[in-house]
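Consider the two complexes below, in which chain A is the common component and chain B and chain C are the respective partners.
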Partner chain A sequence: MGLLGLGLAGLQPSLLLGGLAIGLGVLTTLKLLEARSLEEHRLVGLLQLVGCGVVAALRPDLGPSLLLATATLVALSGLLALELGEGLAWPVLLRRSAQVLAAALPVTLVLFLLLPRLGPITPMPGDRGASAATGLSDRLDPGSIAALATRHDPAARVAFSGGQPPPPGERYWRVLVHDRFDGRAWSSGTPLPRHPDDPRQPPRSSASPTENGQLWLVEPSGLAAVPWNGWGRPLSRELLPDPGGELLHRGPPGQRRAYALGEGDGTARWQRQPPLPGDLLLPEGANPRLEALGARWAQLGSDGARLQAAGTWFRSQPFRYSLEPGLLPSRAPLDTFLFERRLGFCGHYASAFTALMRSAGVPARVVSGYRGGSWVRPLGGVPYLDLRQSDAHAWSQVWLQGRGWVEVDPTAWVAEAQTGQGTRGERGALVWLQQQWWGLDIAWTRLWLGFDREGQESLVRRLLGAHLNWLGALLVAAVATSLALGLGLLGWLARGQGSDPWRRERDSLLRALARHGLTPEPGDTLAQVAARGGQRWPALAQELEHVVALYQRHWFAPRPADARRPSLERRQLGELRRSRRQLQRQLGRLAGRLKPGCLSRLIGVRRVD
Partner chain B sequence: MDFARPHQGERLRLGLRNLYIVPTRFGWWWLAGSAMLQLVAIQMQSNGPLLLSFLMLGLFLLTLHLTHFNLQGLELRCGSPPPGFAGERLTYPLLARSRSHCEGLRLRLEQGELGPARVLPPGEHALALTWTPLRRGLQRPGRLRLQTTAPLGLFVCWSRWDLPEAQLVYPARRPGPVALVSQPSETASTVAASPSSQEGQEAWHDLRPHRPEDGSARLAWKLLAQGRGRHSKRFQAPPPRAALLAADPSVPQEQALEHLSEEICRLHARGEAYGLVLDGQVIPVGSGTAQRDRSLAALALAS
Partner chain C sequence: MTTAPPHSALNALVAAISQVLLGKEHQVRLALACLLARGHLLIEDLPGVGKTTLAEALARSFGLAFKRVSFTSDLLPADLTGVNVFDPASGHFHFQSGPLFSQVLLADEINRASPRTQSALLEAMAAGRVSVDGTSHPLPQPFLVIATQNGLDQGGTSPLPESQLDRFLMRLSLGFPERQAERALLQGLARRPEAIAQQLTPEDLLQLQARTACQHVSEALLDYLLDLLQRSRDGQRRGAPLSPRAGLGLLAAARAWSLLEGRDHVLPDDVQAVLAPVCEHRLDGGQPGGGGLSHDLRTGVDGLR
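Up next is the complex of A and B:
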């Protein structure tokens, strides 16, 4: 129950499935407290299993998966204990549970790998615009921030199939597009109309997400939009590229999300989506000096020239980068920033530049997301780019005729070295351990996520090729075979159970002697067989006598009746096992030195194979 | 679920022909839980609940066989049931031979309670059933039900066997009057089956110094009058004569047999000799365990 409780930690009860999981956890606990009969205790075990399954749907990462697998094993052990009586020790029960699980694994895997999967029954309700937990927000108002707190909380991790990250200059991970400006702050507008050719569903691909793409693990966020590079090809059905350039995830919000992107062709549909009239809107008179500057640039011949003029102007002014720029006035805040203080962080520069471009007649929008990240190479698992909340960044995109939407980072013009990218401020063993764990986590997620509905269909197509009609027959045959395999495995595992380990050692010794031609006569004791062996192989007489003495000591020597007895017996059994193996090796060496048939002639016994 | 035809015969070897298996109520719940996880997995497109759902389904299919294998091949035969008294808990021995591990075996006699789960490793095992017969004679405990739900309680596999070996049941022990026939020629006289005192009250035996608790009735007045002090007379019952016990004709027969059963046990415990006259059959006077068993057996089988 404790393990299931740990798995429940962090789930949101307001979500349907989160509430169901927490409800199941509470119900299981209450049932456990009041359970008296066998039936009631069984029900507790079943509730725990179902609870594990529901939590697994919400927490697919490595840590919770390990916890839930352990909870499943414990629940099965509990059910076994109910059936086998309460006298069995926990290690025995756990071993038996593991055996039953191992036996059920083949048929489970067959069903998991081969049984066709269905799509979602109803779309999961999304929740765009809930309170932001990642440091990104729908509303970008840099003028209202006097000092930007630097948070190093994890934001996302991304692994690349090539094993190498893109060059530092290309590490822009967009999340939100802000296209509405009220003179002070930017916000996200209404979703753009979808292009008729834009598919509702991402293209089905036979490629596994692990091929030529990226695997993202994003920490819980209230936003429906998730980070991406802007042109990767979504491989999960939950992903939906927005015409504005956002990548929307239709999974339950507030949970950690994992998704895969295939390698795109370098451009995306949103980049060619023509601007709307709203991309030029600027509240008149809100920032008069900015508007006047933009009007001057508007007289330049092309959008490219206007962009170039803006770049030149920004580089020529004494702008400085600061995370503590102070509040901007409510009247003409961007004028104050551009022409008086010239001090700010990325939000200030992106906001002011985008407004300038609009005033110059160039459609422009603000984009917020992450920039940079630390490349981590864990000892185990997969190398990944670690994005923190302190990597949050804002930049702009402008529409240039013939080129589409082009991304521009005005912050980079003014203070390349001052942006503070890469300063983590935290090092040490704990961080190192965390990075190692995340490496394993991302490897697990890559494997786990890689086998989704498309992956399963792809596997079946690879297995059957043109004979997909045979899937049903193959499935039935595979289930029957795997069931037989599981039962056989269980029988094989149970072979040694119940028999005495001392007798097993004795039988091993007798088998070894028989292989070398010494078989017991009817009525022989072990000591008599050993004595005959000693006569035939005088070099081994002492060892044979020693092994027999160890065996007889177990049965006939007085033993302590206190708690030391089990450990003493284990030691003695270990000693017998070692001596027996050593004797067998010596016997083998002795036989190896003699030519075939020589040993038999030497001992005068016909070799029986 | 007792639609299974019970096996008849001296020994029972469990196999496909006499084993029955159906899902338990918990098994149906298990399937419902698996179906629920399937729904969650489909809706969430998540591998975790899908795998667990298939695992539960796989375990369901696997335990169908494992539960059956628990009993398959098990051989049972009756031991020699020791005699006992009606109304008391008797032990009925069974000998079991299993070739493989038999888990969660539970035994239940008709009208009885389900016994505890046992694990039988491969080999020979002595099992004991307990039951309480209500009538004397050669009685069978009834129909035996063997069942197991191991390993996970998803299926119940069972078989039924009409136990062939009868157990000798003596009449219940019940204190009461029995008839005594001292000599075959004498008429029977009824005595109370209360324990007689060794001290007795009939034959003067000895004198001892008088104690106040002896009372005046036992005071030797003659000696007192002679001035020889106060003495109490000691009496002794006449030496017990080896008697033949018989049923008291004044009580119903079954009750009379129960009284005889009690009297025989009492006399045996005291090491006294006794005989029995019953249904014209005479068991000569004797003592010891064999005499007791012979006499009680005669009571058990009396017509």
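Up next is the complex of A and C:
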């Protein structure tokens, strides 16, 4: 049974989620194969628990947390089975393990509330964009796309503290900034040098992320940058706003990331970051007609007038929105799009508009991110905005003298309809289930993310005032108290359970009979229950009588008072247990149900002892 | 006594008596248990259902001396115990023993006698001896009184008070025979009590009684018994509380029953088997219509031990 418990813990998929845990899981499972002694099995069990702890620290999301709780329970049961030697029934072991976990809750709570947090361990990724695994790529080349397939994979979910999403017109979240143009495609340039006074940590206040804030859950994207509307104040420690206008996340890009944003104060650093010469760069002669049009607008007096002229021009031309615009020629691709085909999607418009602005002398760059999304209200949990890969979008930023960087969506000029709120007519039980799950997921994330370092520090400040050096003593005292509480709880639980193994056997038997519809009348003796069972299942009459006789012999028959007694009683208890289990199996077979005990036979695991 | 295990000998005895008293095996076993527990038996039933037959059959199968006394209102204590009679030949009084000096005494219609006579009988039952004119005369051993009373016919009777009821270990009711048994009876298939061969000797009975007192009683069983007694005294239920004597009687009867079942230890089942005959008359205090009191008691205590 111990082997089975540890084996199951080793197979838990959640253990395979982190690199460290993969090693631990594989090693402990392999170790299990060659473990012979009790000490070795115990070591494996403890390592499994350590593995669970490590992964839990790495993955606090709802799904992995649930899986890990299960894995911990199973590993603990295995350990318990080892320590108790002579096996207990599985449900008893699991119940006992759950009680042990419950007893550890107070300590967990105290540590969660008071123990100082470590900063993120993962180093900041050096490059701004890695390989593109989603609808977003660091290289934007609309001309090379003949038809854009609509992918509905989830991209991100965001919950708003007000419980209401922003109006559709404000639902723009950029991820990447593309400032280098080669005449055809846009790509990200080198990161801007940071100011010496640029704080590594975002400024923080006592406001918790749950007020006026956003909570983001971003699916693995392979990008260091995460969606940001440019104004929300980063609250999570892992976040770092880049002067170029991207929001970088220190977490591993290959994993799901969660972060919180507070309400912005309208003075984002990126907006006031002056344009570089590269923001005006345009390959000479790549798109001659475009350059000619831009040069005409360059005559206008101000940046604002040039922007306005561009808007007027785009609206006046017969542009149409299409996800299947066809390939653009490699020579003067934007000329072809602007003056011949006039058919494209957001990438085309953003690309062409930005190039036009540059040729008109206005610093401009392309940004890509997400727009729209659908608002979901799950039954439980938190309402959230569901962003899919099909919500990926590209638009532009232009530098206006005196106003800084301003976001412009040229696609909106030509295709009003497409910029509205994206509503998808998705129905079906699976979609519904997924929505409910995500709602719970966000609620859970808000729970642990909401009590991040700031909440903790404010709690500590409230508790201790200026005497911060008392924190250690307080921590020790709190842990000791909660440890005592937990142990007390354990004792209390054990009291209700009845510690006598004979009584437990009797209770197991009675429960098994009750499951099959035989409950004792008040005042009945076991023999009478057995007799009624015998009437109901004549095939089991003898076994029932035997089990009851074994039990009653212990309590009522004269017993030897000498040294043989303990071993004799153990043997008799074992006999009772075997007979009782056999009886239960027969009962189960009679009722045609799969009963406990089948699992271990299925896996072919032997008992340790 | 034969070398066979006691319960097989006893079961053979029960079988033999059951051939006389048709269809009443359970009552026969209870009466036998009462005998083994050194208790006395009160049978409350109508005339003609086999009370005398039972008493006589029990006595004969053990080879015990059997006497029957019909109690009437003018029966005096001396009529039971006997008197000192002057013997002119020797010039001394000598004790002329009464019907009490038997081994199985059937006291018919005990509630028709005066309370004084009743109490003389009960004293003999409790003490196992009779005092006449200051001389104590021990009663023969074993000694079993089977008293009967007619529960329906209460005219001109002195019902036994609760304190005296308490001295009877069991109260039984034989009841009418089942149809099959009565058919056999009518066909003359029942044997006469006289036809019963002696199965065991009075010495065997004394041995069995001693053996009964040695049946193992575990702590767990005492707990069950104490719970029952406690339950009868908690004041939240109908009926009189059970006395410590009732507890002793219950234990003794349960021991006897366990011996009849062929075990060397007592189970809660044994206690339950004798609970109603031992406790019902103590709980209802002899008042009619209190039926089911011992059932309430049984269902009020967890028997799953």
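The rule is simple: the second predicted complex is superposed on the first by the 450 of 609 C-alpha atoms of A that agree within 3 Å, B and C clash if a C-alpha of one lies under 4 Å from a C-alpha of the other, contacts with A are read in each partner's own complex, and residues count from 1 in each chain.
Methods note: a contact is a pair of C-beta atoms (placed from the backbone, for glycine too) under 8 Å apart; a residue touches a chain by one contact, two chains touch by 3 or more.
Since we're looking at a predicted model, the values are computed, not measured.
Peer 1: Between chain B and chain C, point out the one touching more chain A residues.
Peer 2: For chain A, the partner with the higher number of touched residues is B.
Peer 1: Going by the contact rule set out at the top, does A:448 touch chain B (first), chain C (second), both, or neither?
Peer 2: first
Peer 1: Quick one: classify A:104 as touching chain B (first), chain C (second), both or neither.
Peer 2: After superposition on chain A, A:104 lies in contact with chain B alone.
Peer 1: Could you say whether A:556 touches chain B, chain C, both of them, or neither, answering first, second, both or neither?
Peer 2: A:556: touches chain C, not chain B.
Peer 1: Scan A:343 for contacts with chain B and chain C and give back first, second, both or neither.
Peer 2: After superposition on chain A, A:343 lies in contact with neither partner.
Peer 1: One more residue to check, A:57. First (chain B), second (chain C), both or neither?
Peer 2: In the superposed model, A:57 contacts chain B only, not chain C.
Peer 1: If you stack the two complexes on chain A, which partner ends up touching A:65: first (chain B), second (chain C), both, or neither?
Peer 2: After superposing on A, A:65 lies in contact with chain B but is clear of chain C.
Peer 1: With both complexes superposed on chain A, which partner does A:510 reach: first (chain B), second (chain C), both or neither?
Peer 2: A:510 contacts chain C only, not chain B.
Peer 1: So in the superposed three-chain picture, is A:525 touching just chain B, just chain C, both, or none of them (first/second/both/neither)?
Peer 2: Once the two structures are laid over each other on A, A:525 reaches chain C alone.
Peer 1: Could you tell me if A:35 is touching chain B, chain C, both of them or neither one (first, second, both, neither)?
Peer 2: A:35: touches no partner chain.
Peer 1: Help me check something: in the complex, which residues belonging to chain B touch chain A?
Peer 2: Within the complex, chain B contacts chain A at residues 25-26, 29-30, 33, 36-37, 39-59, 61-62, 65-66, 69, 100-101, 103-104, 116-119, 121-122, 149-153.
Peer 1: In the complex formed with chain A, which residues of chain C make contact?
Peer 2: Residues 216, 218, 220-221, 264-269, 272, 298-305 of chain C touch chain A in their complex.
Peer 1: Per the contact definition, I'd like the list of chain A residues that touch chain C in the complex.
Peer 2: That would be residues 506, 510, 520-529, 552, 555-558 of chain A.
Peer 1: Please output the residues of chain A touching chain B within their complex, sorted ascending.
Peer 2: 17, 38-39, 42-43, 46, 49-50, 52-54, 56-58, 60, 65, 68, 72, 76, 79-80, 82-85, 88, 96, 100-101, 103-108, 111-112, 115, 117-122, 124, 237-238, 251-252, 448-449, 451-453, 479, 483, 486-487, 490-491, 494, 497-498
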